[in-house]
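What follows is a single structure, written as structure tokens, with notes after it.
Read from first to last, the chains carry the letters A, B, C, D and E; within each, the first residue is number 1.
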Amino acid sequence: EGERFVLVSHAPDSDSWWNTIKNAIALAGEQMDVTVEYRNPPTGDLADMARIIEQAAASGPNGIIATIADFDVLKGPLADAVDRGIPVITINSGTVEQSKEIGALLHVGQPEYDAGFGAGEQAKAAGVTSFLCVNHYITNPASVERCQGFADALGVELGNQMIDAGQDPGEIQSKVAAYLQTNPDTNGILTLGPTSAHPTIAALNATGQAGAIFFGTFDLSTEIAAAVKDGTINFAIDQQPFLQGYLPVVVLTNLARYGVVPGNSINSGPGFITKDNIALVEQYAGQYR
Amino acid sequence: MADTPLIELIDIKKQFGPVIALNGVSVSVMPGECHCLLGDNGAGKSTFIKTMAGVHKPTSGEIRMNGKSVSFADPREAMNAGVATVYQDLAMIPLMSVTRNFWMGREPRRRFGPFQFLDMDRANRITLEEMRRMGIQLRAPDQAVGTLSGGERQTVAIARAVYFGAKVLILDEPTSALGVRQTANVLATIDRVRKTGVGIVFITHNVRHAMAVGDRFTVLNRGKTLGTALKGELQPEQLQDMMAGGAEMAELSSSLGGTV
Amino acid sequence: MADTPLIELIDIKKQFGPVIALNGVSVSVMPGECHCLLGDNGAGKSTFIKTMAGVHKPTSGEIRMNGKSVSFADPREAMNAGVATVYQDLAMIPLMSVTRNFWMGREPRRRFGPFQFLDMDRANRITLEEMRRMGIQLRAPDQAVGTLSGGERQTVAIARAVYFGAKVLILDEPTSALGVRQTANVLATIDRVRKTGVGIVFITHNVRHAMAVGDRFTVLNRGKTLGTALKGELQPEQLQDMMAGGAEMAELSSSLGGTV
Amino acid sequence: MVDQPPGAPTADERVQRQSTLRRAFVRPELGAMAGTVLVFIYFAIVAGGTGMFAADGIMNWGVVSAQFAIIAVGACLLMIAGEFDLSVGSMIGFAGIVIALLSVHLGWPMWASIIAAFIVAMLIGAANGYLVIKTGLPSFIVTLASLYILRGLTIYLSISTTRQTIIGGVREAAQGDWLATLFGGKVLGFIFYWLADMGWIATFQAGNRAGQPVVDGIPMLMIWAIALIIFAHVLLTRTRFGNWIYAAGGDAKAARYVGVPVDRVKIAMFVFSAFCATIFAACQVMEFGSAAADRGLLKEFEAIIAVVIGGALLTGGYGSVIGAALGALIFGVVQQGLFFAGVESSLFRVFLGVILLLAVILNTYIRRLITGER
Amino acid sequence: MVDQPPGAPTADERVQRQSTLRRAFVRPELGAMAGTVLVFIYFAIVAGGTGMFAADGIMNWGVVSAQFAIIAVGACLLMIAGEFDLSVGSMIGFAGIVIALLSVHLGWPMWASIIAAFIVAMLIGAANGYLVIKTGLPSFIVTLASLYILRGLTIYLSISTTRQTIIGGVREAAQGDWLATLFGGKVLGFIFYWLADMGWIATFQAGNRAGQPVVDGIPMLMIWAIALIIFAHVLLTRTRFGNWIYAAGGDAKAARYVGVPVDRVKIAMFVFSAFCATIFAACQVMEFGSAAADRGLLKEFEAIIAVVIGGALLTGGYGSVIGAALGALIFGVVQQGLFFAGVESSLFRVFLGVILLLAVILNTYIRRLITGER
């Protein structure tokens, strides 16, 4: 009863995608009667994240849940925590192999490159030959991997097709519009989350290209769900972040209480949300989905 | 000279935290009179006239204008009451044009529907005219003050004060940064202004400058009035002594040839 | 007085972009002499002594020390050659302590293995001593200069120059911001320093100050030498006239009572 | 006071005359004007054929420039008044979240939420100003503190009330609100339809808006930018208050002596800066239908850069709104132009830095000519 | 010069005497010292039982503080010399990428890559300084331009060569390199083993390192921080050059007149600031085995905040390295302490802003007492 777990993410304070995970751990905490603390580097600096993991370990929790945003950076601190006898579960980014090497119990997540690659395969099937990857967070390595995976699946060079969009929605919209105007043969778009997806939807609406361009995005939000419904967005990649927050808490609690733990890693995604299955998702988009 | 002073300050005290800058100073100014305020550095001259001009509020003491007790909340009020000041540190902004400096704080305006706009034409015209009257030929009214010489800046400041109908014009060491010729110019200007009936408070270190234009002399020392005298009642040497405390001076000046 | 001048500047010209600040100025300084440099504002006095002190490089002209032609790349070189300057704008840093200001640019050092550290004890001791010699009692050597009065700061600057073995000491209007008593103090200091055989270049606007301590007088006007005279050759009034251009002055001063 | 500049106005044989032609050209905005011309020429050459100068291309960089201009105007007046505000970016995020929280989460009517956001933001601006004035601290420090405090509060507020850092649904809440249309809508659409009918601007060829003109109105954002520029320009050059702004920044003490209420002027400019940030936030929230806690990141620098490119003096007392607006235009054109020209987009920051440096060197030179500053 | 402060040293009946006790306490670092004590007391109360003050807890905030201290030292000397550097954060990212690119991508030996990064970074620092000196522009503008240029170059370089913004594999490349251990390793491990044997610090309970102490050495990062603090402190207070740094920042013109080579001093401080940033980057790259283009974001502000909390004057000429180090300590303790205390992490910025404001008000008061400034 009353165990304390710490979840450490790599996301900057303002990253909205992590709300779902925060909501999930809050829910799981309530249900299992444990405390789960959410921590993150305020600016998204991974070096700071490593410090936070060290700090979390020093505070002696019953378990640590962390992303492997960068294996090199986080291997040390996470392995240290394992060595202290703290159970660790890795989530979100990173691969199962990396998770094993660290000595974590299991990994709940979706590797970024593979997710991008999966999206690319769908796009290829739809006949995309030239695309635009709207990267609103280019300084984050995972974001580049998604675009790279997409390009590799299409079998094209990434090159200038990934743009550094910045985080200001007005500018993102203008940049997307400018790109599409100068590269009229573009027939696919990949956005990396709500921050870039919303302005891109606006840009497509403004230029009348909504629905004409194959449009995939990562993650979900109310606006994205609506766009999936009206056909502007062809699919949203859902890595079901809820599970990434909820499952580790449940697993760690049960481990602490009864010593039981699943033997294998869990792939929470990629799940593709399209017009067909949107209804289910829509209700909780941005909160639990 | 009329009988009621234009402005009268009675037993003014002013304290800044632990520093007592003024410890009971009384001065009055008659119309058309040039009242010289003399004193060593730190005697409190600047503090005193800032009190007169509404920059500082006196800790105690009374200010009377035309016999009525007044209290200035800020420099604007003092200006509106007719007390204009040309500060030692000049109050000119080098980056701004002569016109904008000239009118600063009292810009002329013109109604335009519900709005009031600057009347730039008028401002420019009057500035050029007033500066010409003071003997300065401006290249253009929007010339920056930073491009003027020190004497010219002093003149702009004086012209501004006079134009705005100053009844009492305070000049804080207007000649201290100037050369001989420019000094003579400024003294001539003072003389001219005095003759129009404006009361002048002229602050200086330089006894000879004071003797040249002063009608009355008040010497401050360490925050107190040492005394007031009319022109002719005092020799320059006496004034000099009062300012610096005779004994010490005598000793020093003898070793230097007595000419300080 | 010896026969070779300590320093001799011959036909110095200096131009800043379009402004010709010096247009052929020659001055020499003998040991133990106080050479006064007079001139109206903008005459080029500061520019001239900055050239002497190595701040500016002359556009043309020659500088000789003890008869040998020299050229100063920067103020350090001039200082090392024995030309020390107390600038009009003082060159004191109010935020720093008296000791650090005193030694600035020539800090005493002590070897410590391969390293050289500040010798703070010595620096403090000497500073206190030198200041006491000049008649100033410091609270502590690490007192900030910002807490000193203007006259005290001047004295620190002069003490510093003298301590560092200045052969030629240049003073740029050391009295312009001072009251009478502080002025007298500074003039006394000048007199004392001169008697030790140091050559002094004393710049001022004030003819009376110049007459008090000067041995020779050079008047600058608009970047040119108007002439040099020994003490006794000239009356103060003549100097005054030279500085400002006689005719104009006469007219003005008559209207003001002739006492300017 | 001590070293006087050459007494130019009286004929002086020691100063060579300046040509009148040169003087006629020498204005605070000159650098920005030259920059604007150069930038346009550059992009006309490298991106002339890419549609950058077609109607929709113009609208594209126009909107971005308008965004920059809105905050640049606020930063410009404040900088002329001698202060600056590093909290502009955080204020944008904060104001947006306040609007969204009040309207979506608490269900206030949209107009009330917007007005409340304006009031709160302007109060914070006033608090910034008050602190700067009362403590005498540099505005760099005070507004740096607000930068952190406001950003922290924004995230804390939105997370603690909605468990999200992005709050959507604003568009729905704004439906039919009179005040919301002032920030979100487009105007003058009929002109563009008419232009399209005349064949002067292109129409969509395909997609769900085929046949409509590619530009179907001027967004309110642009209207606001233009209105703010005109307002600030008139305020600065044509009113008494404008003279006080210059005076407060040029020399606060001198201004105070002649009766200029310097404190009030400076605080008012902090408030105006917050006001501009809130307009920016309101337009953005209305246009995109959502507010996010990370909006406005680094916008304070962008505002300052635009103003400085426009010829203002970082230390106050000198500058022009027209210059700041041109700075914003340069900023927008370069940012978008690089896309049109197909340049690797991460190089944008490099370009920006270089332009900033060149502009500011040119501006300094021009300023010295004008003011005799040395 | 005109309004003189009270002539304190000569007995003056117009100035009330200050108590000697008060004067004994009045030092530039006083504010930071008081702050440090307060912060420790606060966290001892709210987070005393959370392991924050156990060996590994101390190591945790110690390392974070050391990180801040490294860049704060550079920023401190530069600020005292009268300039500041907004490009520190970008420089950290840039230097890291240079090391990784050269060693991993181009296969240079690690020592050569590190040295090359130091050289390049210090040249850029020198260029910053040179521009500031030669153009007379405020360092705010010049280094703001470098902030953008360097960050842009960092992203561009890493993307155009490796198609990634993160470059891993540095640890492997550094294997056995003599210079790399200077930045990446840990020292004095034996002490901690001994302490663990004595039972004074905890050991790992499980895993492949069971039995080893939880802290097994002092990371080089801390050694660097301490070394830099000592070096800078001695340089500033005990050498001629240190006096020149104060002089250059206090009044560059005055310093120049007495022969202080102000330009060289200022440029040297820009170089030193770049040097510190590179040390930061090298330690980070070696410790984590990778470099990323987003490293160091906003670190320039954090460095400036630590220095200002430490009592330095933003406009130069006044400050102390000890103060800056204490500022960094406060920064680190508060940041990590809030995690220990379980406070909502978004409130960290709010705390930081408030601490900054309070510290700077206190420091201003202290400074005025010391310097007679008004």
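Keep in mind that, in the parts below, contacts are C-beta pairs under 8 Å (C-beta built on N, C-alpha and C of every residue); 3 or more make two chains touch, one makes a residue touch a chain.
It should be emphasised that the depicted structure is a prediction, and the values quoted were computed from it without experimental measurement.
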Between subunit B and subunit D, the fewest steps along chains that touch one another: 1
Reaching subunit B from subunit A through chains that touch each other, fewest steps: 2
Chain whose mean Cα position lies farthest from subunit D: C
Distance from subunit E to subunit B - Cα centre to Cα centre, in angstrom: 51
Distance from subunit C to subunit A - Cα centre to Cα centre, in angstrom: 72
Between subunit D and subunit E, centroid-to-centroid distance (C-alpha), Å: 33
Contacts with 2+ other chains: residues of subunit E: 2, 4, 6-7, 155, 159, 346, 348-349
Sites on subunit B at which at least two other chains make contact: 41-42, 89, 149-150, 177
Subunit A residues counted as touching two or more neighbouring chains: 13, 138, 164
Partner subunit D, residues of subunit B touching it in the complex: 53, 55, 74-76, 79, 85, 87, 89-96, 100, 103-107, 109, 116-118, 120, 136-139, 143-144, 146-150, 152, 177
Residues of subunit D that touch subunit A when the two form their complex: 47, 50-52, 56-57, 60-61, 63-64, 67, 93, 151, 155, 159, 163-166, 168-169, 204, 206-210, 212, 214, 221, 284, 287-290, 292-297, 299, 335-336, 339-340, 342, 344-346, 348
List of subunit A residues in touch with subunit E within their complex: 13, 37-40, 42-47, 50-52, 54-60, 70-73, 75-76, 80, 82-85, 103, 138-141, 143-145, 148, 158, 164
Contacting residues of subunit D [partner subunit E, same complex]: 131, 135-138, 140-142, 144-149, 151-153, 155-156, 159-160, 301, 304-305, 308, 314-315, 344, 346-354, 356-357, 360-361, 364
Interface residues, subunit D side, partner subunit B - complex: 1-2, 4-10, 234, 237-240, 242-244, 246-247, 250-251, 253-261, 313, 317-318, 370-373
